[in-house]
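Labels A, B and C are assigned to the chains in the order they are written; within every chain, residues are numbered from 1.
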Amino acid sequence: MKWLLRTVFIVIMLLVIVFTGFAQKNVTITVQDYFDPAQSMGKFIEEKMVEFENNHPNVKINHTYIPYSQLLPTILQEAITKTVPEIIMVNNPNISQLIKAGVLKDLTGKVKEWGWENWEDYLKGYRDNGSYEDKIYAFQITGNNLALFYRKSLLDKAGIANPPKTWQELEEQCKKIKEVLNITPFAYDGEASDEGSFQFYSFLWSNGGSLLELDQPEAIEALQFLTDMFKKGYIPRDVLNITSQGDLTPWFVNGEVAFMINGCWEFGWHLTEDVMQKLGDVKVTSIPVPEKGMHSINAFGGECYGISSNIDPAKYDVAWEFLESLLSSDFNLRLNIASASLPTRASAVNEILTEMPILEPFLEQSKYALPMALMGGMENYGEISSILWVSIQKAFTGVATPEEVFKEAAQNIKGIFSPEDYEKYKQLARTLLQEASKK
Amino acid sequence: MNKKQRKECKLKWTLIALIPTIIIILPVYFIAIGGFQSTAEIFHRPLYWFPPHPSMEFYNQAWVTLFPYLKNSLIVALGNLALTLTVAVPAAFALAKFRLKLGKLTFLILLFTQILPATAVILPLFLIFNNFGLINNYFSVILGIAVFTIPFATVILRAYIQGIPTSIIEAAFIDGADLFRIFRSIILPLLSPAIATAGTLTFIMAWGDFIFSLTFLKDQTMQTMSIGIYRFVGQYGVEWNNLMAGSMIFAILPIIVALLAGKAIVSGLTAGAFK
Amino acid sequence: MKAFSYKMYFFLIPALVYQLIFGVYPLIYNLILSFKDVNLITYIGGTSQWIGLSNYVQILKDPVFKKAIFNTLIFTGLSLCFQFIVGFCLALLFNRTFPLKGLFQSLIMIPWVLPIMVSGSFFRWFFNDQGMANNILLSWGFIDKPIPWITSQILPILSITAANIWLGIPFTFILLYTGLRAIPLELFESAEIDGANWWQNILFITIPILKPVIITILTLGCILTVKAFDLIWIMTKGGPGDVSQLLTTLSYSLAFNKFHFGKSSSLLVIMVLLVISLTILFNSIKVEEESSIE
């Protein structure tokens, strides 16, 4: 009798071990972003997933891609219902908010193991954006910023030899082009969204203005300049309602505008090799600055990856391992070349120039580029950005003067913060701007 | 009038009806031809009334992209249609012809629960469905959409049932028929045009649903065509030509449903009991 | 016959229970949220504090709110009015047999079927300063400067309303059409004998019989129109400068641009109350109740 019981016991123990072994064998990680696998970024990331699965037979990686406009609402809904996937991609402006809301996991320990030199290889702005209070939460894998695109042939027709370097030159050239060619020459995105705000930053920061001090002359001058351009008919009125910056490019390609402010990604999107060959005269330069000798201080954009703060602890190591494989310098370079985005790691910065020399003005500007969220009150950046774009639109449509709209905006923005926080963020913005102006 | 004159008389109405139809369809024409052009050509000024270099490439690409989603859209839309009609038709009958104690309350609830936009409803419903493990299941999407389609269809059907003379029903009662039999043999046949109409509108609503499918179906292979369309709306901008081609493909099935329903409306009425 | 009343509950209960669980719960959820101070951090962390009516007070003081209510009323009123008129005329027109009728009917449904992303964008291009509408008007010489259909202050909401009218025509058309087809021909025949003309037929026969359908169209149309969001968002995102905000777009913007979830919900509650009052108004128009079965 006893040996029967013992055998049964042993068999049960064996079964338990075998089954829990089976249970442990399959780890599923989900990676969520907006990279459609029909396009290069998504394709490369899925290749990495397959590679990782081959090297780790007990791991399954799922790729969930969400439509771009739905990414943030989806992350919010997942955060509230505690169903955030293991690895998530976040668009650059939202990182600060999500860090503060506790959505992303503190990865400092893992970075230590990986090696600090890897983290420090990331350019400073990206490191600032992805960390908080000395803890690391997110890695930016693609960078971008805006520059002035122009059609050389149209400038030639209007008798203009060189692209504008200052605001005044831009205005004069627009005047000339409008007279000679009868087009509205300057495509600037004035829509009611983050992209509209994004376009404004070069004009604001190059002139020494700050999002947290919009009632100061530097900020008002920037808005005044653009408003005058709009009112004089140098900017097409329809920019108020476009869907995104990408809608400016068809006008540019059709020769209906001579200048456009757009991002480096266009070279991986609308302005592909065959289009560039057909047009033959597409050139890029840094965004014009208020006065000679200044340099263009821009906002940078891009995408970041992080790990969910409520990840199952058993999955953490595997998730980190996969994330680490996405962060390698050459993989990032591949992604950057495919999507015409800027490398985020110092070691890769110059390599992209050999592949895509046209990105030179973007790379030059990226030396001084600043993180939007840190310049705009961190977790309150979303609200500040929305106040900004409404003000810009009000000034453009003539509801009120730039001075009036910005005075009101500055008051509203100040009211979002407690007095101490307001001072803190105001100082942070000033410090970052000073550093960028000096370089 | 002989046959030829009658035909001419009818043809005159075809021509008259052609005018408003063309006016209404004109925007659709531009969307349809957009699918044959490149994005730059679509935005060309002056506007092209006919594609300068028509190409089938974009319709092909849109079809290849969207076809895998077709099955999912059908499952969701047909599933929702079945659930909606099964619940709505009887409820509409009860509300239209009987003074029930809960009737007024039910009607008010049916109206007021439709008012919230889907974005306000999605989170609380996600919480419920997640607790029951229904996420990533077609059923959750069907149930989610039904929150709007059931009251919608019920209210519509109620209006049509109110138009059926009560005398017919009372006569059947007097003849000794029981409730379910009356419902099956008298009400349903009389209602087939109304059911076709409510069904068409319900199907179109379910076919076009975006937010429920996006939020409740995490598995990429289960998502519906309305989400597939959004693959053309990316982070760098919109692929307008592919999007337009895709929307035409998207619209084919619901239009076929509308066509079939139209036939059902006509044939249903000739079987009516208005003699 | 009470026995029948009792059995009829079986017909009614599924819909009632369904809506109570899945429809009323979200209403309560939003109501509760509207009394709390909710931002991104507290929403995710579940630590929002009760602040009573504070959200409502702030919303009501916001100048954009007044604009949103005004726009919503104009948008809804004009949309319902014109959608009804056009839908009714089309239904009258199609209330006869002729070749290709089925085809035309299903073509007329297309505005309701197309993804709004596309049809909304079309109307945006149509109303662009350099869009179709201005091109046509300019080339025919009716105007010499482009009209800022969606880039000025008063016109945007009207342009969006025009687009919405187009979108909603299939809805009123198909409901009125089905209603018309159910009207027995004998009524018209006997009216003809009495010497009534076409116009009197409509006024004294058609419309009274269609009353339940018409009230339903107005009620459902009101609900669907007030909660319309995508069209406005695609055409102007509520701009330029917040001039074309409706209650729905303002609510969405408060939630997903500014992360003021509590205020967003309070706006939704106000919207629900608004629609409730409007529908009570519509439904107070008495239908000559056909006697109901006891």
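Keep this in mind: a contact is a pair of C-beta atoms (placed from the backbone, for glycine too) under 8 Å apart; a residue touches a chain by one contact, two chains touch by 3 or more.
A quick note: this is a predicted structure, and the numbers were derived from the prediction, not measured.
**Student:** Looking at which chains touch which, would you call it a line, ring, star, complete or other?
**Tutor:** Shape of the chain contacts: complete, all pairs touching.
**Student:** Could you tell me which chain lies farthest from subunit B when each chain's centre is the average position of its Cα atoms?
**Tutor:** A
**Student:** Between subunit B and subunit C, tell me the centre distance in angstrom, where each centre is the average of that chain's C-alpha atoms.
**Tutor:** Chain centres of subunit B and subunit C, defined by C-alpha means, are spaced 16 Å apart.
**Student:** For subunit A versus subunit C, what separation do you get between their C-alpha means, in angstrom?
**Tutor:** Chain centroid spacing, subunit A to subunit C, equals 37 Å.
**Student:** Just how far, in Å, is the C-alpha centre of subunit B from the one of subunit A?
**Tutor:** It comes to 39 Å between the two C-alpha centres.
**Student:** Could you pull out the residues of subunit B that touch at least 2 other chains?
**Tutor:** Answer for subunit B, listing residues that touch two or more other chains: 45, 119, 123, 230, 233, 238.
**Student:** Multi-chain contacts only, two chains or more: what residues does subunit C have there?
**Tutor:** Residues 121, 130 of subunit C each touch two or more of the other chains.
**Student:** Among the residues of subunit A, which ones contact at least 2 other chains?
**Tutor:** Only 73, 80, 243 qualify.
**Student:** What part of subunit B is in contact with subunit C in the complex they form?
**Tutor:** Interface residues on the subunit B side: 10-11, 13-14, 16-18, 20-21, 24-25, 27-28, 30-31, 45-47, 86-88, 90-91, 93-95, 97-100, 102-103, 106, 109-117, 119-121, 123-125, 128, 143-144, 146-147, 150-152, 154-156, 158-160, 162-163, 165-166, 169-170, 173, 179, 183, 193-194, 196-197, 200-201, 204, 207-208, 226, 229-230, 233, 238, 240, 243-244, 247, 250-251, 254-256, 258-259, 262-263, 265-266, 269, 272, 274.
**Student:** In the complex formed with subunit B, which residues of subunit A make contact?
**Tutor:** 30, 34, 36, 38-39, 63-70, 73-74, 77, 80-81, 83, 91, 243-247, 249-251, 253-254, 256, 265-266, 268-270
**Student:** Which of the residues in subunit C end up touching subunit B in this complex?
**Tutor:** Residues in contact with subunit B: 1, 4-5, 7-12, 14-16, 18-27, 29-30, 89-90, 93-94, 96-115, 117-119, 121-123, 126, 130, 132, 135, 166, 169, 171, 174-175, 177-179, 181-182, 184, 186, 209, 212-213, 215-216, 219-220, 223, 226-227, 229, 248, 251-252, 255, 265, 268, 271-272, 275-276, 279, 287, 290-294.
**Student:** State the interface residues of subunit A toward subunit C in the complex, per the touch definition above.
**Tutor:** The touching residues are 72-73, 76, 79-80, 97, 100-103, 190-193, 236-238, 240-241, 243, 379, 382-383, 385-386, 390-391, 393-394, 396-397, 399.
**Student:** Quick check: in the complex, which residue numbers of subunit C touch subunit A?
**Tutor:** 40-41, 43-45, 121, 124, 128-131, 146, 148, 150-153, 234-243, 253, 256-260
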